[in-house]
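Everything on this sheet refers to the single structure shown next.
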Amino acid sequence: MLRRALLGLVALVPLALARPVLAAEAPSEIKIGHLHAGSGPYASISMPVYLGLKLWVDQTNASGGAFVKAFNKKIPLKLISYDDQSSTATAATLYNQLITQDKVDLLVADSGSVLTSVAVPIAREHKQFLFDPTGTGATFFQNNPYIALLADPVSTIWPKYIADFLKDDGVKAGIKKVALLYSTNDFTGTQATALRGFLKTPDSGLEIVYDQGVPTNTSSYTVLINNIAAADPDAVIALGYTGNDIAFLRNLQDSGNKFRFLFAIYPGIETDELVKNVGPQGLDGVFTYVTSAAIAYKPEVGPTEAEFRKMFEKANAGSGVAYGFNAIAGYTTALVLQETLAHADSLSQADLRKAVFGLSGKLKTLDGTFELDEHGAQIGEITPLGQVHPEGKGVKITVVYPHDLATGKPVFGKP
Amino acid sequence: MRRTVGRRGTGDLLIALVVTAIMAALPFGYSNELLLFNFVTFLALSQGLNVLYGFTGYLPFGYVGFFGAGAYGFALTVMHLNWPPLAAMAAAGVAALILAAILTPLLRLSGAYFAIASLAAAQSVYEIVANPALEDVTKGPYGVSLSGVFAPMFSYQVGVAVLLFSLVVVVWLRNSRFGLALQAIREDTVSAAMAGVSVVRGRTIAWLLSALIAGLVGGVYAWHISVFYPDTAFNIQFSIFATVFVLFGGATTLIGPILGVVILYGVYNTIGITVPQYFQLIYGVLIVALVLFLPNGLVSLATRRGIRVP
Amino acid sequence: MLTHALFGGLLFGLYFTLVGLGLNLIFGVMRIVNLAHGDFLMLGAFAAYWLFTLFGLHPLVAAVAVLVVFVLVGLPIYYLIVPRLLVSRDSEMLSIILFFGLSQIIEALASIFFGTTERSIPGRVLGTGPVRILGQSVPSAWAFGAAVSAVAVILVYLYLYRTRLGTLTRAVMVSRDEALATGIDVHRVSAIAFGIGIALAGIAGVFEPFMLGSVTPAIGGDITIAAFAVIVVGTLGNPLGTVLGGIVYGVSLLLMQTYLSSWANLLPNLLLIGVLLIRPEGLLGRQVRRA
Amino acid sequence: MTGDLLTASGIEAGYGKVQVLWGAGVAVNERESVVLLGPNGAGKTTFLKVLLGLMPAWRGAVRFAGDDITRMRTDHRVRRGLAYMSEIGVFTGLSIEENLRIGGQFVERATLRARTEELYGIFPALAERKSALAGALSGGQRKMLGIAKALAAGPRLLVMDEPSAGLSPLFVSQVIEVLGRFRESGLALLIAEQNVAFLDLADRVFTLEAGRVGFEGTVEALHADDALHRAYFGLEGS
């Protein structure tokens, strides 16, 4: 690396002079820079995004490349994706590497808010537009023209339907006391704050009797569950990442405690992973977000969810990475990249941004409608509330709220 | 005798200045300055660890605690008091010094116990800083954003200044009576004490100096990256890397740790990025082989033959 | 809530006795710090995972298999590195670094061969739902972990105090030099103790997915620290003191989690520093301070 | 010279780069009792450690009962009948009973039991407190246990490092008296000492000075040599 650095001293000067002359000619490849977490707490939400993106790159190159409007021809893609091992420090260096050394044309952030957060100031500093698959931290979008969130809605609106459902159907069913347990990170912490706001309206009829943040690396919930049970809530809302949900649901099953309403994020997002680790019985009756993995949106671009699932599982058999919403998020991101290249007037970051925002409201993929607010936050589809029911060796998820989308009636646990 | 020491000192100082000059100049030719900055960070951090381990024999596994204290000392004064970055750098150093003063009793423990107790101390500081209960003060686990003072080039050069400071401290220790006294304590506590060397005072000074360097490095690191989480600032990897760099090159010397950083961190950035597991494997094998076959580091290949290594 | 925390802490602490037991045996016999302890535990957890996934083996059967295999693996590891280490100038200090390197090797190999995703064994293998003991309802895995730990402690006791090799082992623990002078084959005794120490880590690992949720190659480091806290609180170098350490650790951890849950992770670290500074010699005394 | 039980000759050894022994040697015959006399720092302990294989010999050879044992492991030497009692001599953290069992680790169970009973007969103070920790014994009793532990192995030659260390004169004469009884029964002894009281036990004497053998001969010959007499017995007076 140091040798490369020293060589750079010599090599960069003529290169920098040569660049503008070549700019009008079509490049031999379009470089897409990306990071993934091969290990650590974010691996389970990051690897599926990476493999979804990679699947698209492979497919596109097999057909001769992506159509690039700026040069009016198909150009092959090159995916440069480094492993940040879930470390923000490593990720920061690698984002810099992608921008300054690899000089990527399109920069795609890692999955999740934490690993995206370090990319935001770096991309902004280098005036590089950041394609953000699932980093939903609300602060990313505050007067920052260099970002767009592509596949997840911004975290502040995720839990809206949980609150609405509890205030509506919940109160009617006799639910009064709510316990809130969340992991302290940008993704779930923001949702907890939003949820608190939604629930604490004066006439909601609901009362928060337990409110506790725990570190994201918490792996044993036995005592916390006991503490929650001691507060005697009717509804328990557990906001955590995949690993948290697995540990929480397993410990809950082992403890023998039951609650009338139980919500967890990932049964509806990484369904296969949860079924594999918790078992269908452990997920029985759990309320969760329903993503495009469980709702069949009608895509106008790209495959349907069912088709994509088949492709993904075929391409990644034996990788140990389960299919789930993050795989869809990765592929949705890829489709946005594809459409951006097909619409941008040039590969300048400003034109890329213009093209991405131009797609807003018009692009319909397997992830539903792609729509950005003026800050670049995703507002296309609000995730409905669903409920898990065991079905054979797997599970089925029914949408229970909002009522106009409902595919089943909510079932509350016995008091 | 004095003259040779003086001449050696000048030579050592020259090396320090050359290393500093190279690191100061590199970003003008190589644009991933964050990568270069990481080199600066580890060069300074491993010299700071060298001050303690190389000259007193105490191996602080929890060295990152001072680094983190510095990072948060910097961040808190910027966030809450709106201090300018250079004043906040002073706060970073002071934060690490305060922590070191609190932890001075750890010096009563011998080798292995000290190493592990210092790690536990660093973890404790992390648990406090990252606690959601302190969100109003430290931002807890949600991390710190210092976009207001973000200044990559300026902070890089301040980092180089911190590096120079750490190198000069090591040059001084290698060429002063105080440094020799410290080494005498390390070799034989009892005889050194009988020879009139103040064991407690000497160790405490090395401990504080070492903490000060880590605190300054932590402060400038916080400034340079501007967005970070408690588990970034207290990442045990900083201790581990610094320790391995020092051991690999050879403690108690000036160029040992430099060699360690340039070679190993260089390898890390070529292999480690693409296949971190293989890098970890190589690291592990290197450490085991080093302890078994070359416990005094690379430089001992030369010192064994009677060649003086700066 | 208080009685639950106390009783749960007792069971949880008994499991942590098992987690620390092997580390303490190795430290007691060889005066080396096995920083790879948690990684051997991790390998035990993966062994249990694979034995269950591929052959449906019950964890108790897996524990026996792990015991045998780990003892056999421990012997060559001992002869490869420890004798060379013990003749060096500051073997206790260098052992920390060397075994840290070993820990990196194990973690890297585990990442390469097993991948880094979280693995867990369905909880129903050890019985679903809680069990009731003395009017307290606790997860059945905790009862299992505590019971296995109790058996392991008793077996280690019988080995040390009721067998010829055990007496020789204790002789080495008292004084390695005197043992050598008396004509004890110190390396044989130590190698077996090393094998047993690692096997104990492995057995603790078999129950790790049930006690702590899941296993990844990266869990080793934190577990080593917890194990170290346990044995320092008990008594360094006295394997049976680990029982006391484990119980103190478990009960105080559960009390913290119950009443001050966000500060619970601070506990093992504070226990470790506190005991080292205030009562470094534990119960059976050994000089650990200098100056 | 050579002895028909133990012969060490031309031994050189040391620690790191520091050489301590410069061609030291000793010879012991069956049923013979030899005292190795020398001041502090002469290299007595180092020499005994080389005899037992606790330290490697850089040069020279050690023969025991007709075999070259220079490179043999300590436990194998002990098995062959070469027992060693170090200055510490016992395992303080173990009971009297356990100390004896460890001493007789290579001995068949029934033989060991019989031998232990015999030793308890000779050392009644130990028999009274079989399960007491060795660390709880007085200095004199500890030495007795050390001797009993070494004898539990049923050795042909007992090598002892400063049995008088840390003992009051009263206990020293007790130790000498006990050792005298074993000498009578045919046990060969090699005792490294600076206390000349042990010369009462000696058939022959070697002196070790700065890592080399100085004098070698009978006790009478030692007394006859004025300079040596003054060097060692003068010490006693001062």
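Think of it as A, B, C and D in the order they're written, each chain with its own count starting at 1.
Keep this in mind: a residue touches a chain if its C-beta (ideal position, glycine included) is under 8 Å from a C-beta of that chain, and two chains touch if they have at least 3 such contacts.
Note that the coordinates shown come from a computational prediction; the quantities given were computed from them, not determined experimentally.
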| item | value |
| --- | --- |
| Set of chains whose contacts include both subunit D and subunit B | C |
| Centre-most chain [mean C-alpha coordinates] | C |
| Subunit A-subunit B separation of Cα centroids, rounded to whole Å | 37 |
| Subunit A and subunit C, separation of their C-alpha mean positions in angstrom | 38 |
| Subunit B and subunit C: spacing of chain centres that average the CA atoms, whole Å | 32 |
| In subunit B, residues with contacts to at least two other chains | 132, 277 |
| Contacts with two or more other chains, residues of subunit C listed in rising order | 111, 262, 265 |
| Listing of all chain pairs that touch each other, if any do | A-B, A-C, B-C, C-D |
| Subunit D residues touching subunit C - in the complex, by the definition given at the top | 52, 54, 73-75, 77-79, 83-84, 86, 88-94, 98, 101-103, 105-106, 149, 153 |
| Subunit A-touching residues of subunit B, taken from the complex the two chains share | 26, 28-36, 38-39, 130, 132, 140-143, 145, 147, 150, 152, 225-229, 231-232, 235, 237, 262, 265-266, 269-270, 273-277 |
| Residues of subunit C that touch subunit A when the two form their complex | 1, 4-5, 8, 111, 115-118, 120, 122-124, 128-130, 137, 139-142, 211-214, 216-218, 254, 257-258, 261-262, 265 |
| In the complex with subunit B, residue positions of subunit A that touch it | 1-6, 8-10, 12, 38-39, 82-83, 85, 87-89, 92-94, 96-97, 100-101, 114, 117-118, 120-122, 125, 139, 184-186, 189, 213, 215-216 |
| Residue ranges of subunit C touching subunit D (in the complex, touch as defined) | 164, 167-168, 170-171, 173-175, 177-185 |
